[in-house]
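These notes open a run of structures that come right after.
Here come two complexes built around chain A, the first alongside chain B, the second alongside chain C.
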Partner chain A sequence: MKQLLSPLYLHKRLSLTLVLLAAFIWSLFSVTWSRDLLHAGGWATTVQILEGLIKPDLSPDILELAVESSWVTVVYAVTGMTVALIIAFVLGVLGSGVLVSSRPVRIVTAGFSRAVLAIIRAIHELVWALLFVAVIGLSPYAAIFALGIPYGGILGRIFADMLNDVPGEPIQALRAAGASRLHCLMYGYLPLIRSNMISYTMYRFECSIRSSAIMSFVGLGGLGYQIQLSLADLHYDEVWTFLFFLIAIVVLIDAWSNSLRKRLVL
Partner chain B sequence: MPLIELNNITKQFERKIALSSLSFHVKKGEMVALIGPSGAGKSTLLNTLAGITAPNTGTYLLDGVPIQHYKKRKELAKKIGVIRQQFDLIASLPVIQNVLAGRLGEWGFFKSMLSLFLPQDKQLAANALNRVGLLDKLYDQTSKLSGGEQQRVALARLLVQSPAVILADEPVASLDPARAEDVLAMLTKLVKEEGQTLVMSLHSVEYAKKYFSRIIALRDGEVFFDLPTSEITKEHLAELYLLKEMAL
Partner chain C sequence: MMSKIKIPSKKRRFSFVAFSILLALALLAGSWGHIFYAERANFFTLFNEQNAEYAKKFFSGLFGLQEEKPAFTDKEAWINAGKLTYETLQMSVMAIGFATIAALLTVIPAARNIADGTLTVSKRWYRWILFGFFRVIYIFSRAIPELVWAMVIVFILKPGILPGAVALALHNFGILGKLCAEVIEDTDARPIRNLASSGASNAQILFYGIIPTVMPKFLTYILYRGEVIMRTSIVVGFVGAGGLGQQFKLSLSYFHYTEITLLLICYIILVFAADFISEGFRKAAK
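The block that comes next holds the complex of A and B.
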């Protein structure tokens, strides 16, 4: 059966690749590759930006401001990820259907959860931010929910897929030993996906730092907000100071997640 | 009253008949080996006995009660325990958690959740591991153990579960001969000590003769012979495996 199917399958994949390639090439032609891509004063600005890179503003005032806004950015990201994890865990487990034994009930609950996950992640965090700012104003909650909801959608979808990909044998063995479905989740599914789940969550955490910085462009404070102010004043040396802080945070998180992964690796 | 009572069990997969009109009884304390060529239906039979596969026709009484009347997992887990070739353990959990999984049917919700962080009934797990010679591995991560050790952890889990019947589907097939013999000797010894009943499928006729008192041979989903080990002759075995090849 498989052998019969595989040429057809290969064929399908090949044509899909060709279609995607064609779309990519076509998109290259639809960009107007003219000189107006760079605006007139572009070169002078580039030089100024590069000067800022070599000599970032390291005055105590700016450093203090950078530390403060880094803190805000990290706090938004951490609380946002907490919200995301709660959403992802609940909807991911429901969306995988591993807790439900009756087939019709499983199809309904899993389908519904997966649909919710799809909808909340289809809307970008910036759009969520604008929505929340419109509704509750410039409050930290706006930033936290704007981050947490779409990230919950992304993480939840991945968790559900991971749970569905768990091999059947160990779970069946647990069932045979008298375990209920909830037992299987706690003693089987979750331990089996634990290390993948943690490394993916850490990766998303890193992304959330960047999102959190960007989010503050809408006026919610943090590194992005400071970058925006300095950019408006054409203080590229300050911009670089803030960017270096952003890079430092991401590098630190990366180091942390690496050490976590090493400890958890099978 | 026999512990296992199969009458005219038939199982069909699409067009393939895996079990055709199978009947036999197993008494308490019996040690039964299932042998037969590949595809004979050994795994299908064991899955049916475990209640994992539902037969198309026929009746299966477990301890006098039709198998479909065991509605609760934990009731069935008291009667039947299963051990398979491999991949049966949760590799990312410590050994002790895998052993204690045999208690999940007994524990309430809070006890089983608590046990993930603070292992409960630790003495029980330690005793079981001691009997399979792995007491020093109590807190090791299961994935770090060798194949033979993992099968012994699976045995310890069965000890903790303590079912009346143990069904084993080629539990030593993935081990090297020395390890295989260790695990087999250990399993049969424990089953005898606990007064349990054992039904095991095996590829090795030699092991079947050495460790079992009764051998059921399957071929093409039917019982080819069902005899005490002492009555089995070379001719029986030659016929069981040879005819199959000629038919091909």
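The block that comes next holds the complex of A and C.
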């Protein structure tokens, strides 16, 4: 049957590609393409920016500042991830409905938790940051919660999906041996998804470094703040120094999570 | 005479996983320590009367309790917000288009099995150079957040949709490139080698071997990044790259809180609609 239908599948994919292409062409019409798109000094600025790329500012002052703000960036990322993990774990377990035995209760709690997860992850972390700064001012907690809440939403959804995808047999064996729902979670579900959870969390941690760098645009310190200041001073060489530090952190964490993933998965 | 039994001591190797756990714990301790001691941020002082006052003001502002004519009951404001949403949508679609084109053009040399010749059974000395070059570009473009790209690009391009789209595309180009290169690396090499050994040219290998096998996965990744771009499109607007974000920032600066509510509603609708559509597309692409 599937073989008979395979031209249809191919056709479907082709038409999907065409739809996407048409959407892209439609979007191109929104811009009036002319030389006016560039600033008057646009080319000169581009050259200056590229010059900064080749000759970043490596004076000791800037380097010290960069190291310091890199640390602040990492601090916000790690603390934000802590909050995210707590949110994700609680709402993820509730959202997967593995703790509740009666069906109607499960539908209500799981549906509710998943809706909460969907809403908190739909709003970007920078929007959360602006809202938090408006409410609690420039406290580090504004950054921590702004980072933790949307990341909690993303992680929680993934955790819930992972818990639901656990194969049924080991859990049934545990149930048959008289384990409670909580026992099943602790000794059945969690050990099965542990390595996947860790590897996804590591990937998100890498993303959170980038997010925490841009978190500073609302005035919360860190690498992004320094980049913003240097850009405002038109010191493109300093901008590149900070960017290289950001790239270095991201690459380091990427390498760490890659080698950890290789040892965990499989 | 007592015979000594040697009990082999259990060798504890300092494994990488143990190291990772220690590093994670150290990072946690260091970070929270920094928050508590260096920044002297006390969690419980957050709940003081002043902040409660701010929060009350802010939320009653958001719900338009003090205003006579909140923006979300105003027809004009809805039309305006709708226009901005439309612009944001166009910006995101353009961004994913640019990112896709750039990634597709560079992805083939950036796959490891093309570079070492295991996929096409042919070796060229320059392939490793191309591989390294494109991989470094990918790392570079994806390590810099889209907001930073946007800040740099508004120095070059005039504010509007285009700088936002270019900034979003630059960041996602690196991510898409990396993901797609990994797809090529994971493909089954046998059919393609078969093509190569029966004398297909490089172009033929590309069109009859590689593209049909990797395209479904590529489409999935493109749609997935499209969702993410939709979500981040509001952010590049903050630095003046057009769309909902620009208006959001302006309204926040003018303390027009009800407008913020309206824009947030539009934004959430946009994100949910994008998620829904791309979910449908992804099912169709399977």
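Just so we're on the same page, the second predicted complex is superposed on the first by the 238 of 266 C-alpha atoms of A that agree within 3 Å, B and C clash if a C-alpha of one lies under 4 Å from a C-alpha of the other, contacts with A are read in each partner's own complex, and residues count from 1 in each chain.
Operating definition for what follows: contacts are C-beta pairs under 8 Å (C-beta built on N, C-alpha and C of every residue); 3 or more make two chains touch, one makes a residue touch a chain.
This is a predicted model, so every value here is computed, not measured.
Engineer: Looking at the overlay, what does A:126 touch: chain B (first), chain C (second), both, or neither?
Structural biologist: second
Engineer: Please indicate which partner A:18 is in contact with in the superposed arrangement: first for chain B, second for chain C, both, or neither.
Structural biologist: The answer is neither, since A:18 touches no partner chain.
Engineer: Applying the document's definition of touch, where does A:50 land relative to chain B and chain C: first, second, both, or neither?
Structural biologist: Neither chain B nor chain C is touched by A:50.
Engineer: Figure out whether A:186 sits in contact with chain B (first) or chain C (second), or with both, or with neither.
Structural biologist: first
Engineer: Would you check which partner chain A:178 touches, where first means chain B only, second means chain C only, and both and neither mean what they say?
Structural biologist: first
Engineer: For chain A, which side has the bigger count of touched residues, chain B or chain C?
Structural biologist: C
Engineer: Just to be sure I read the superposition right, which of the two partners does A:195 touch: chain B = first, chain C = second, or both, or neither?
Structural biologist: First partner only, chain B.
Engineer: Touch test for A:167: chain B only (first), chain C only (second), both, or neither?
Structural biologist: first
Engineer: Sort out for me which residues of chain A touch chain B in the complex.
Structural biologist: 167, 169-170, 172-180, 182-183, 186-188, 191-192, 194-195, 266
Engineer: Which of the residues in chain B end up touching chain A in this complex?
Structural biologist: Contact set of chain B toward chain A: 50, 52, 73-74, 76-78, 80-82, 84, 87-93, 97, 101-102, 104-106, 109, 112-113, 116, 141, 143, 154, 157, 161.
Engineer: So in the complex, the part of chain A that touches chain C is made up of which residues?
Structural biologist: Chain A reaches chain C through residues 12-13, 16-17, 19-20, 23-24, 26-28, 30-31, 36-39, 42, 45-46, 49, 71-72, 74-76, 78-79, 82, 118-119, 122-124, 126-127, 130-131, 134-137, 139-141, 144, 210-211, 213-214, 217, 224, 227-228, 231, 239, 243, 246-247, 250-251, 256, 259-260, 263-264.
Engineer: Per the contact definition, I'd like the list of chain C residues that touch chain A in the complex.
Structural biologist: Residues 15-17, 20, 23, 27-28, 30-32, 34-35, 39, 41, 43, 46, 51, 54-55, 58, 87, 90-91, 93-94, 96-97, 100, 139-140, 142-145, 147-148, 151-152, 155-158, 160-162, 165, 215-216, 219, 222, 231-232, 234-235, 238-239, 248-249, 252, 264, 267-268, 271-272, 281, 284-285 of chain C touch chain A in their complex.
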